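In what follows, chain A forms one complex with chain B and a second complex with chain C.
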Partner chain A sequence: MKRFHIRMGDGSATELSESELKRDLEEGTRDAAERAKIPPLSQNELAYLFDVYSSPARFVGVDRGNEVIFSYDNGSAKSREDITEIPLHRVQEAQVYEKFLGADIADFGHIDYSFKPVKSIVTFEQQALEYALLVTTVPMFYGSQPNLGSYTQPDGPCPNPMELLPQGKIAEARAAQEEMMEHAVKDMVYVVSAMYESGADGFNFDTAGAAGDADFLATLRAVEILRKKYPQMAMMVGIAGEFILGMHGELTYDGVRVAGLYPHKQLELVEKAGATIFGPAINTNTDKSGAWNVARAVTFVKPCVENSHIPVHANMGMGLSGIPMADCPPVDAVSRASKAMVEITRLDGL
Partner chain B sequence: MDKEEILKEARKAIIDADKAKAEELAKRAIAEGVDPLEMINKGFRAGITEVGDLFGRGELFLPELILSAEAMKGAADILTAALPKGTKKRRGKIVIGTAQGDIHDIGKSMVVSFLQANGLEVYDLGRDIETQKFIDKAQEVNADIIGMSALLTTTMSGQKALIQELKKAGLREKYKVMVGGAPATQRWADRIGADAYGIDAADAAKKAMELLGEG
Partner chain C sequence: MGDPVGMEVAHVSASGMGGIRTAGDLVARMQISRGMKIKEAKEYVAGKLKVSVLDLSDPVVMGEIRQDLNIGTMAPFVGGAKGIEAKLRIAELLGIEINCVNKFKDKVKW
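Coming up: the complex of A and B.
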């Protein structure tokens, strides 16, 4: 019987029979549909995914005419942070992204990559960004993570909800998160204003919601303030995971409870707050095959694209949206996930 | 109430995070001669597993999960105290933390709550913890299990290092090692020779109980 080479979510290789592959695709889309209460992929779409996954090609690409925009996150720290460990200066790295990797939007940021540490060195960042802008042509976003966790003790002023909650101190944990939000909104508005005024072409709020619903809500509030302040500014909001973790549980934005929102609902709030690009991020399950993970990720992203009035750029980083969680995600898996995401959802960018 | 009904009510009390009700049911089970272990495993643990699943789907949030875990802890304490003499063991002890270089602690903290809910004595070291500290703490408190969480492919090597260090110190047989976190899999656990892998918090608690011979 014919068997197909497929990657698992951790990048290891396995072989699936035709029926196993079809089963994984069906189960993946069903899982997403049930969780987010959205339609599963159609039989045609599943057949298309089957073709992508059963192809013997080492790597695949989108058909001519289906090309999309490439934007990046944490772009200026990846060469040093990840497995490559090439000690490039971040300005050179931005150039590499533009000139070698075909970035349509480059991303510049500090290695600490969170608003709080950047706040105190923002003038240095302005200078560095200015230099990067002078040697590149593509639009350059400055990026940072809201990272509400950085406001907790011992790194910050607020008690740590992740310590309070297991002790059953729920009211205290909620109060701490509300306080963290205030600090975070202030820092976001301050840093974004400074970087925008020194020439950034836009801003990337990366991994919004990493510390849960408070993290996501703080980002929305900051975006809303900044939209009023700078009506023309481009703002990309990239999300932390497939649904907003409820660490607080009771926070709302415009009357909508934030905790538990799936991508197509996250999108509505991100749009309402005034962002110009939405970046959904779907968790990769390391125990399941790439086919299962990608069918699932595509199912989550499709209704975002259908309902959105702003561009959607899916987050296809390692461990997200069907990309294996591995130091160096294999190209067969990355290219299949990307092709499937683009050609099924018809989104605007990756 | 017959046994099936008590078990069903127990499950519901945990899902509703109703601590008073859970404790009352624990007492009633003892009075009516229901096996305490069965009451924990088939009643209360069925509830907390469902709570974990609802959390994993974004339908229930951390504060509610914590309240459910507390309700379960209250009931489990009453039931363990009622275990017949001889079968009554001391509580299992686990030392847990996030691998060195890794500050992800959301999942690990959930695992802590679930372990506590199952009546384990948990020593939570926190995040970004040196491998040696896991061993030192385990020695200090005479633990049964060491658990390590890792959310990065670059820090999961800490889990392997833990096992190597235990071997070097001649302590590998003394402790069970349990690993978890998004990049970890059963394949990884087998490869590094860990005793158990947990896919989520409910599974972590289940595996811990199995390691303690109480599954």
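Coming up: the complex of A and C.
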């Protein structure tokens, strides 16, 4: 019986029979459809995915003309000596992304990539960004994460909800998150304003919702304020995961409860707040095959693209949207996920 | 895109436009300045450059066009526009405002 080489969600190789591969694709799309109450992929789309995953080719790609725009998060701090041991300055790394890696939108940011630490050194960040903008041609975003967790004691000003919740102090935990939001919104508006005044082409709010519904809501509020302040500014909101965790549980934006939102509903609020690019992020399940994960991720992202009025750039880095959770995701897995996401959802970028 | 560094080359080869190597940065400019979706953004840029949409992702075609228009290339020729100089021309070519270009103009009293 013919067996196909398939990667698991952790990047390890396995082999599936034709019926096992078809089963994984069907179960992946069904899982997403049931969770988010959205349509599963059609039989034609599943057949397309089967062709992609049954191909013996090491590498696959989209048809000519189907290429999309690539934006990045923390793209200027991945070759640092403390990460991959290449001692490049951030400006040089942005140039590497532009010249060698084909970035369509470069990203500039602080190594911590969070608003709170950037606030205290914002003038240094402005200085570096202003220089980077002089020597690069592609659009350049400044990026940071809302990272509400950075506002908890002992490093931050607020009690830690993760310590209060196990003690049954629900009201106190909610109050702490509401206070954290106030600080985060102020910091986001402050930092983004400074970077835009220094010439950034836009801003990347990365990993929004990482600390739950308060984290996502703080981002929406900051975007809303900034949209009024800078009507022309590009703002990309990239989400932390497929589902907004209800760490608070009662927070709403424009009458919609934020906790529990799946990507197509996250998109509606992101658009309403005034963002210009939406970045859905679908979790990769390391125990399932790449085929299962990609069928599932594509199912989540497709209705986002169909219903969006702004460009959609899916997050497809390590451990997201069918990309294996591995430091060096194999090219056979990445290229298949990339092709499938672009050609089924018809999204605008990655 | 996202973390970490392992998948950029594979992604770009599989489905990326190619940035400054092609017309990727120009199409991206229309997404971020006018909120255009990918199809509309490509058609807008192709119209401005008077090429086909397929040409936008061809590094050989676009390399020559970028050199002719002096809007920045992967390997700039002597005297060719670089960095902010190229962006001044891109703003004019596409009929858009570029934030850092406007700041630069203010600084040099353009």
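Here, the second predicted complex is superposed on the first by the 345 of 350 C-alpha atoms of A that agree within 3 Å, B and C clash if a C-alpha of one lies under 4 Å from a C-alpha of the other, contacts with A are read in each partner's own complex, and residues count from 1 in each chain.
What we mean here is this: a residue touches a chain if its C-beta (ideal position, glycine included) is under 8 Å from a C-beta of that chain, and two chains touch if they have at least 3 such contacts.
Since the structure is predicted, the reported quantities are computational estimates derived from the model, not experimental observations.
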{"item": "Overlay on chain A: chain C relative to chain B, clash or fit", "value": "fit"}
{"item": "Dominant contact partner of chain A by residue count, chain C or chain B", "value": "C"}
{"item": "Touched partner set for A:V223, first chain B, second chain C, both or neither", "value": "neither"}
{"item": "Chain B versus chain C as contact partner of A:D327, first or second or both or neither", "value": "both"}
{"item": "Chain B versus chain C as contact partner of A:C304, first or second or both or neither", "value": "neither"}
{"item": "Partner chain in contact with A:I239 - chain B first, chain C second, else both or neither", "value": "neither"}
{"item": "Chain C versus chain B - closest C-alpha approach in the superposed model, Å", "value": "11"}
{"item": "Doubly contacted chain A residues - partners chain C and chain B", "value": "318, 326-327"}
{"item": "Residues of chain B defined as touching chain A within the complex", "value": "55, 57-64, 66-67, 70, 103, 105-106, 109, 112-113, 116, 124, 153-154, 182-188, 199"}
{"item": "Touching residues on chain A, where the partner in the complex is chain C", "value": "59-62, 64-75, 78-79, 83-84, 97-99, 101-105, 130, 133-140, 196, 198-202, 232-234, 238, 276-277, 281, 308-311, 313, 315-318, 320, 323, 326-329, 331, 334-335, 338-339, 341-342, 346-350"}
{"item": "Contact footprint of chain B on chain A as seen in their complex", "value": "8, 10, 12, 35, 149, 162-163, 165-166, 168, 170, 173-174, 211-213, 243-249, 259-262, 283, 286-287, 318-319, 325-327"}
{"item": "Chain A-touching residues of chain C, taken from the complex the two chains share", "value": "1-22, 24-25, 27-29, 31-33, 35-38, 41, 53-54, 57, 71-72, 74, 82-84, 86-87, 90, 97-100, 103-104"}
